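What follows is a structure written as structure tokens; I'll ask about it next.
So that you can tell them apart, the chains are marked A, B, C and D in the order they are listed, and the count of residues begins at 1 in each.
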Amino acid sequence: MSHNSFGHLFRVTTWGESHGPALGCVVDGCPPRLEISEAEIQTWMDKRKPGQSKYTTQRQEPDQVRILSGVMEENGKLLTTGTPISLMIENIDQRSKDYGEIKSRYRPGHADLTYDAKYGIRDYRGGGRSSARETAARVAAGAIARKVIPNIEIIGAMIQIGDLRIDPNVTWDQATINSNAFFCPDPNAVDQWAEYLDKIRKAGSSIGAVIEVRAKGVPAGLGAPIYAKLDQDICSNFMSINAVKGVEIGDGFKTAELTGEENADQIRIGKDGQPEFLSNHAGGILGGISSGQEIVARFVVKPTSSILTPRQSINSAGEEVDVMTKGRHDPCVGIRAVPIGEAMMALTLADHHLRHKAQCG
Amino acid sequence: MSHNSFGHLFRVTTWGESHGPALGCVVDGCPPRLEISEAEIQTWMDKRKPGQSKYTTQRQEPDQVRILSGVMEENGKLLTTGTPISLMIENIDQRSKDYGEIKSRYRPGHADLTYDAKYGIRDYRGGGRSSARETAARVAAGAIARKVIPNIEIIGAMIQIGDLRIDPNVTWDQATINSNAFFCPDPNAVDQWAEYLDKIRKAGSSIGAVIEVRAKGVPAGLGAPIYAKLDQDICSNFMSINAVKGVEIGDGFKTAELTGEENADQIRIGKDGQPEFLSNHAGGILGGISSGQEIVARFVVKPTSSILTPRQSINSAGEEVDVMTKGRHDPCVGIRAVPIGEAMMALTLADHHLRHKAQCG
Amino acid sequence: MSHNSFGHLFRVTTWGESHGPALGCVVDGCPPRLEISEAEIQTWMDKRKPGQSKYTTQRQEPDQVRILSGVMEENGKLLTTGTPISLMIENIDQRSKDYGEIKSRYRPGHADLTYDAKYGIRDYRGGGRSSARETAARVAAGAIARKVIPNIEIIGAMIQIGDLRIDPNVTWDQATINSNAFFCPDPNAVDQWAEYLDKIRKAGSSIGAVIEVRAKGVPAGLGAPIYAKLDQDICSNFMSINAVKGVEIGDGFKTAELTGEENADQIRIGKDGQPEFLSNHAGGILGGISSGQEIVARFVVKPTSSILTPRQSINSAGEEVDVMTKGRHDPCVGIRAVPIGEAMMALTLADHHLRHKAQCG
Amino acid sequence: MSHNSFGHLFRVTTWGESHGPALGCVVDGCPPRLEISEAEIQTWMDKRKPGQSKYTTQRQEPDQVRILSGVMEENGKLLTTGTPISLMIENIDQRSKDYGEIKSRYRPGHADLTYDAKYGIRDYRGGGRSSARETAARVAAGAIARKVIPNIEIIGAMIQIGDLRIDPNVTWDQATINSNAFFCPDPNAVDQWAEYLDKIRKAGSSIGAVIEVRAKGVPAGLGAPIYAKLDQDICSNFMSINAVKGVEIGDGFKTAELTGEENADQIRIGKDGQPEFLSNHAGGILGGISSGQEIVARFVVKPTSSILTPRQSINSAGEEVDVMTKGRHDPCVGIRAVPIGEAMMALTLADHHLRHKAQCG
């Protein structure tokens, strides 16, 4: 069962709420003798951390990771031991008072109503378990996953915000992506995006976005034909991220309009004697199994429903009320979804790497 | 692990290849005392069966289901006993000779190359495990799943073929959908679609499609906040269907362009005292949990790569070759994907129904 | 979940009842390119088959295995392809009439009452799902598991029947074990056992037994510290066999009476430079992980409750009745439990072999 | 997969080593709105806590539990919310220096050698992951499990230490069991046991023990026929406890010597109109499913291998050495195994309660 776990051989179980004392995860099945450190995990955490620009929530959280188990020092290095790795991040800047008045009011577009319908109780403070803070644990786990697949390069970017898209032909460059507040790979789009999002932010509104994650260096053979398709697990793991409403691989929804001649990537023998594909409509995966091409996946993040405009809703007593969110929030949660998407890609590939090794290694 | 299984409490394990003696599945965890029959399962099988119009493969398979275990007769009715239900469908019309020449040629867009890369062997006859025949087992299992959730109405339709879309405002009607060869809910689109697909078919080409599946009567509360989100599992299960390259819930990829004000569905109290949503951008799921609204999900099916036009590829010896598919194939696999999508929706909901009952029932 | 499955990476799902048309299993996760054949599986089936001596049930079942999927012929050999292997055994000699009168009578010591309490329905014919026929599927799957761990030699034997025990110092020899109807490794015990069981059989009674299974050639490192201990999984899998009421590893229950000095196996360096243990109280497993020593495990099988003596019981209407079993049964189910125990050992080791390879290989 | 998790619907994942900063667990799938508190969990922790008599290790650990997630206050009560419950216990009294010299020496009977063989690294301080400290997390989780099955009374006791057994006919009484240092239900045995164990302790030796756990009030119907047998899961969970070498249900290994007439529990209709068994050889479970009778299960704990007598062994360099343990240890780990066994019984029953509710509720 997987209420709060994912992955099979590299398995992550997360726990924690937005306004509890801490949140974290347990990483189980990690190979032994991988070198990890809190400092290195922290570099990934910092990429996701809130409050780094005016375009993300102003909640101040250091998001300091502690490794509580599963490691042993040897010659000054911290090595994994093969036992479960427990990672904990304390919550510092909770400000519970911000959320008091939505205790019984169901914010439209949020999970307030459905949590109450399911459980008859919920931690209403800051979104509780549904808060994007949960994703901090994924990024921490993802930092360890990268150690399992050291030769795979994962790079994510925001490619669309509202109806503004990047130039699809722009070459991705990590330095460019990191140099702006939007993880945008298209330097020509940044100013326009900034202006656009400023307007959204000042209006107390929010907007959706599309994130693309690419993985280079994935060997052919990861995945399985049915029910453990690599693309299925990438999509499933992306869908588990808060606010995601859709996922696609390669040409995705565009393939509806393609013919078989247009869609199927033709193959030649490359200079190195290896298969060389003439295109990558498939996004690097055929029949659920990686082909050796770059993996290309995308997900869409809806606009956060935490906005300043009053909205019609009901409360837990069944009365009609208006709801307006006053807390600190992201005008575009897509920005911080970039490092989260990268982490989920790393975690999916690490798991499938181990699965492939088990059956066919 | 789930190489060939899905679902947790209502769990399905499928087996079989296109040209083996049979294929089937084991349904585990089914509640006892549900009335089922081979005849009733067959009605669903017949909806998916190939060879029913000129728009699907001409392979002739009766797709006759046999129930091998998990049932007991009582007063003339066949009832589930709570033990595993084994379902088997024999393959009749294999014609293995059709496939001999692609034994060592990797068809572009197919899983031939990736299977060989992973396993070092594959059943090349008719696509082997990757054949759409595997989905017959899903439809059979789906027929049993419907018994677990008898008050939920599931209806699927093809809403786009190539660049032809249905009128989004058309009201769906099961009789209309069943009355044409495309499971198209828009009677005004049928003739145009027929003409379009005829052209594709005669050219030995193929085209993609988008399928939408709706579920009415889903009670609020199914799903879970994280990693067991109802929308995540719907998407994951859709992604496990052959040729699917993308999935979305509610407004899906359109939410990238929506503001928080546009996207969040406002709530009022309906005449029956129950929550009434003023729109359904969310597709019936908030925070991973069903809201009581209609669930709306979509998936895109790429064009089959089995086409008559010769394509550049390589063979297993690493030589460059041309590949042309001669077997019997579907010009648009999206048509037969409709009953498969419905089955996957039923299976996902049955599983989550049991999961919800376990924790919160 | 695992209602009817076991193993994680080498995963077996069984289905079928005693008097249904067939029974079988799906083996998932098997490595590709292992050579298997129906004939070879059959040699293991024949060891478990009923009706081979007067000491086992006289039901005549050929127990013919069919491989329905997951294999491909290559150069005259049948090789696994890495996809699920479906194995089916048809039931031939059902004689349902034998069981009619126990339809509503709960046989003491059987699962009749508990099935009805749980499911409200049961297949009463021949024990239904609880019949020892289910174990045929395990033996078939075990034959494939052995291919995954070709260098491990597994040997089982009956070491106690009633209060008759073998000489604990006797050397085990496969030829001796196979040469008698009891899988007894002590040639001096066979005549006495035969006389003893003849008496039991003629009285229409039954008796319990203890089976020991040894595995030689298990490399150090299989298993995991907690919750995936190799001994835990061996015990769990043994406990899943019908009629088993206890399991132990190494010295087992005798360790209650040992001191730390007596129990801990001391270690020296052997001639080959490898660790050499001076004793094997541990049964080859330390901290849940194999040590390289021979693995020694035991399970006890209760006497079957199918006996000719009338017993006090109740029926499904809540009335007090007498029950006497007339069907064909085993006076000592421990005999046929030997090949089943071997199969479960093979399956457990194959699964842990793959698990170890995944994490540490 | 379950390297460090157990249970399916009430699922526990534990983490932590003996000498790390902390240890703990995540409890997933807990039903919502159960009242829990750190104070109440603590009462169970205190029962297992070391250093409570001269017969257990003198390590001083307060074993203070913190609830980090999954709960919400409502009207002064702490209620579960249905989200994962993270429990943490900080390690206080580590004294790592005690263990320095066994860093590279493999203690006979311990997992030192096998950990190194598997992982190539281990946390040698205090047994690392293999330390009995891990069981603190189980006891904490068990306290929550009891809330899921409030009407079931679980009572454990030590029934054998060395070759000293309790009178099997003694009536169990919780007050008596709690009144002595051995959780011994037989008041006449206590003095003799004290004298016996004193001798063991003063000699720096250790001894094994047998623990019995009973569960009263278990409704008929928990469990499943095969691979999810209630007795299988009880045994598996007991086997996961450190140092356990065998498990049995009801009459266990004694059933080898029983005839079918002696073993099968006859049934009558009781005064309340319910089935009444005339004996309980089965230990409350028939065909893997609870019968409504008291569940009776037993496990044996080997003597700890941490003893003062020097023992022959090898070190990680492959040299022959002598090993003597100087740390603080339990002369009979069976004592503290009693509350652990109770916790594992509670956890198993809570999981099966939810599983039964899902399929048949």
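In this text, contacts are C-beta pairs under 8 Å (C-beta built on N, C-alpha and C of every residue); 3 or more make two chains touch, one makes a residue touch a chain.
All values reported here derive from a predicted model rather than from experimental measurement.
Asker: Quick one: point me to the chain whose Cα centre is farthest from that of chain A.
Answerer: The most distant chain relative to chain A turns out to be C.
Asker: Taking all residue numbers at the chain C/chain D interface, are over half used by both copies (same) or under half (different)?
Answerer: same
Asker: Consider the two chain pairs A-D and A-B; indicate the one with the greater count of contacting C-beta pairs.
Answerer: A-B
Asker: Could you state the distance in Å from the CA-based centre of chain A to that of chain D?
Answerer: So the centroids are 39 Å from each other.
Asker: What whole-Å value do you get for the distance between chain A and chain B if each is reduced to the mean of its CA atoms?
Answerer: Roughly 27 Å separates the two chain centres.
Asker: Counting only residues that touch at least 2 other chains, which ones in chain A make the list?
Answerer: Residues 1, 3-5, 8-9, 14, 29, 32, 82-83, 118-120, 129, 225, 355, 360.
Asker: Which residues, counting only chain D, touch chain B once they are in their complex?
Answerer: By the definition above, chain D touches chain B via 1, 9, 29-32, 82-83, 225, 354-355, 357-361.
Asker: Can you check the complex and tell me which residues of chain B touch chain C?
Answerer: On the chain B side, the touching residues are 1, 3-5, 8-9, 11, 13-17, 20-24, 26, 28-29, 32-33, 66, 68-70, 72, 74, 79, 81-86, 88, 118-123, 128-129.
Asker: Show which residues of chain C lie in contact with chain D when the two form their complex.
Answerer: Result: residues 1-6, 8, 14, 106-111, 113-115, 117-120, 129-130, 134, 160-163, 200, 205-210, 220-229, 231-233, 235-236, 239-240, 242, 245-253, 255-269, 273, 275, 278, 281-283, 285-292, 300-307, 309, 311-314, 318-320, 334, 355-356, 360 of chain C touch chain D.
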